[in-house]
Amino acid sequence: MSKFYAIVAGAGSGTGASVALRFAKTYPVVLLARKSANYEPIVQEIRAAGGSAYGYTADASDPASVDGAFAQIEKDLQGHKLAAAVYNANAGFAYKPFLELKVEDLDTSLGTAANGLFYFAQKTLPQLLDAVSSSPHPPSLLVTGATASIRGSAKFTTFAAGKFAQRAITQSLAREFGPQGVHVALAIIDGVIDTPWGKERTANNGVADGKIAAEAIAESYWHLHTQPRSAFTHELDIRPYVEKF
Amino acid sequence: MSKFYAIVAGAGSGTGASVALRFAKTYPVVLLARKSANYEPIVQEIRAAGGSAYGYTADASDPASVDGAFAQIEKDLQGHKLAAAVYNANAGFAYKPFLELKVEDLDTSLGTAANGLFYFAQKTLPQLLDAVSSSPHPPSLLVTGATASIRGSAKFTTFAAGKFAQRAITQSLAREFGPQGVHVALAIIDGVIDTPWGKERTANNGVADGKIAAEAIAESYWHLHTQPRSAFTHELDIRPYVEKF
Amino acid sequence: MSKFYAIVAGAGSGTGASVALRFAKTYPVVLLARKSANYEPIVQEIRAAGGSAYGYTADASDPASVDGAFAQIEKDLQGHKLAAAVYNANAGFAYKPFLELKVEDLDTSLGTAANGLFYFAQKTLPQLLDAVSSSPHPPSLLVTGATASIRGSAKFTTFAAGKFAQRAITQSLAREFGPQGVHVALAIIDGVIDTPWGKERTANNGVADGKIAAEAIAESYWHLHTQPRSAFTHELDIRPYVEKF
Amino acid sequence: MSKFYAIVAGAGSGTGASVALRFAKTYPVVLLARKSANYEPIVQEIRAAGGSAYGYTADASDPASVDGAFAQIEKDLQGHKLAAAVYNANAGFAYKPFLELKVEDLDTSLGTAANGLFYFAQKTLPQLLDAVSSSPHPPSLLVTGATASIRGSAKFTTFAAGKFAQRAITQSLAREFGPQGVHVALAIIDGVIDTPWGKERTANNGVADGKIAAEAIAESYWHLHTQPRSAFTHELDIRPYVEKF
């Protein structure tokens, strides 16, 4: 009998951590983050709750680093098939007038949002395809988008470039791999997430629930993962009730 | 202590029936359909499963008919607050060259998709607002869209007119009532639903799961309903894995 | 040798008047408006400039009224073929909380934006098809949209319903009649137009050129009309440089 | 009195050449292309017609190469202000199953579509801003998009990534520089262009005018450039009448 696991890239942030915790209720979960300090507390929390978790250090925008992590994962998770791959890596963003931006700002944004997803998808799609016939739910590649995935706002030029590119990749993959049984979806997170980092930012004037609960995002990801193949959602938005849109 | 109920307009179709059955696991459900023969089997099925169900005959496109039904519902459900209102009424569609269409085809499409939603929303939104502070989940107005909600295809002129108008209404209501705590969402159903009617239509060359399982749509509606107010989805698409898009 | 004419419905407004004046440089122009006072000054202005213009009173949302006007046009323009039909009829809009709107507000919006375009297109498309092989430019059906064609804002519920429906019709017609040689296009006017009526409205804090010059819209319509069939634009937006979008 | 010039990057292709020829009717035109053989015939054609043209070799995706070309342009065009900058550089595309793509395919696509536009915009926007108060038409930054700017099709993953990113940049720049008087616009070219290269490709089964006339695209670019600031178009699509969309 096959055993299945899930992998979350960008597991250190609020969303990534919550998604890892949610999927760990059902699967052993692999967490990838740039620093072990980012995933270590989540690994411990999952284990304390009786789940299985494995943390790996990797820079999503660096193919050699990704290669190294996946080689190790393959060994450690031998005998498991991949049921869900979540790409949540994030490079932050430069909010600046265009003429003050450097090409490095663009490279950073594209490097994580576009190139990073490209590497991650090339590593995980063969595994997801391999799980199609046996996985309890359609194997899923879930990607974390943002407002900037669908809107190029002033002074968000490089961030929007990366998130638009990421949406293009996700859409192309959905059209290519959906018919093969892999569920590829994009969640457009339109608002500030209620994380320690988010807490420092004012959102919606501090009104109650004006920031997005990361656990709620995780529930939506789980819902996406459990949709049967006759009823795939490719794109959904998530925002606080008070968010202007 | 408050008691809550749900209401499904267009309860006779595959989607409406499945949504009614799903919400009936938690709430008493009111079913509206043009003919009692459409809702009666579902009412029986819900009751047989230990749930509460109430059927009413109404033509969603006729304000007097809607008024009459809601007057009766108010009496029968006295003491209940409205937790979820689902608008799934459907008038079918004319697939014809534009110059063969009659203005009646346009009126039929707009009458159910736009006017019908308008009446339904005017009846249910005051009740949904009244439930905001006590409802277990944010009170929800959920609307069933179609491919034609976002694409005006050749020969679907009047159908697309109705579904575009419906999407506009849903979007405007989300922006007005979201900040007041009511969750307004549109599900864009992009494919043939696996119903007795759907079974007669060829979809995706008869490939397995090439038609949408109505139960899966119902699970997505329930997921929408249970999202907390910090994480509302306004729009999602649902389609079979093999559907071209 | 064929002679060609243009027709503008909603010729009394700033956009309609400017479009009529622009097209009158090349074609005799038929102006339709609800009141003769609306088109009469434009008819005079066109004639004074050496052009040909014909005014007709019609209510775009009333099929009998449209029938009557077109019967008369057919007589008066005998021997002419239709090169361009512009639908610019506008019913104004209700800006109100949803629960204060009446179904009449919805009917008014749909009646002009959707039904009116439907009648106008059924009258003009057969004529436009008839001109395909001889017209100097591809025969064109041009429609005036608004911000509300693509965005359902709070409190614009009924206006957006009409404009979304209108966009659906325009899109479906483009897909059906484009391959037959008729150019169907939508201009999304995103801003306040600099008309006598517009002058009373504050837009962009009164900054210079913060309102759209109607003559500029007319130039874009003329550009659309003169595009060859190998290079049709279906949709373009027009907004002041300072307009937020 | 100021003199004005235009610059076209990617001047060797059908679109770039036609745009250069069109703008050369009014302005001296600078042509940039990867090889002098690409722009030389157009430079000669412009000069033969009595216009002014200057060709420079540059690789749009290489910042040092772009720097070098612009340093030379600055010297050669001294005393001129920049009225129009057209970004039409194109790296071709890989049409392949995702798992056969190399990261180099992604880098190539992003390098020209996103990074190249970034460099070009950083070079030209200061000049365009400098021309705002004196230019005969609002200084314009015009970008050539494609179907893949708005749709991530299967097997077009890397091409779509680049064109989505480019659209994001264009949109962000429009929102930042529009209010400063610079017109930033994207033309979404949806079809095969009728060029020597295009001629080899089958399009629309060889039907007459089934490929886009590059001269028609150039007319639309000129129309965009001549729009007054009260009536900017940000995005328009261009496709053959028989193209499916």
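By letter and in written order, the chains are A, B, C and D; residue numbering begins at 1 in each of them.
Going forward, a contact is a pair of C-beta atoms (placed from the backbone, for glycine too) under 8 Å apart; a residue touches a chain by one contact, two chains touch by 3 or more.
Labels paired with UniProt names: A, B, C, D = Short chain dehydrogenase.
Just so you know, these numbers come straight off a predicted model, no measurement behind them.
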Steps needed, at fewest, to go from chain A to chain C via touching chains: 2
Any chain in contact with chain A as well as chain B: none
Rotational angle, Cα trace of chain C fitted to chain D, multiple of 5°: 180
Chain C and chain D, separation of their C-alpha mean positions in angstrom: 31
Distance between the centres, which are taken as Cα means, of chain C and chain B, whole angstrom: 34
Chain centre separation in whole Å, for chain D relative to chain B (CA means): 46
Contacts with 2+ other chains: residues of chain A: 175
Footprint of chain B on chain C - complex, ascending: 63, 97-99, 101, 103, 106-107, 110, 114-115, 118-119, 121-122, 125-126, 148, 151-158, 160-173, 175-177
Complex interface listing, chain B residues touching chain A: 138, 175, 178-179, 181, 183, 194, 209-213, 216-217, 219-220, 223, 226-242, 245
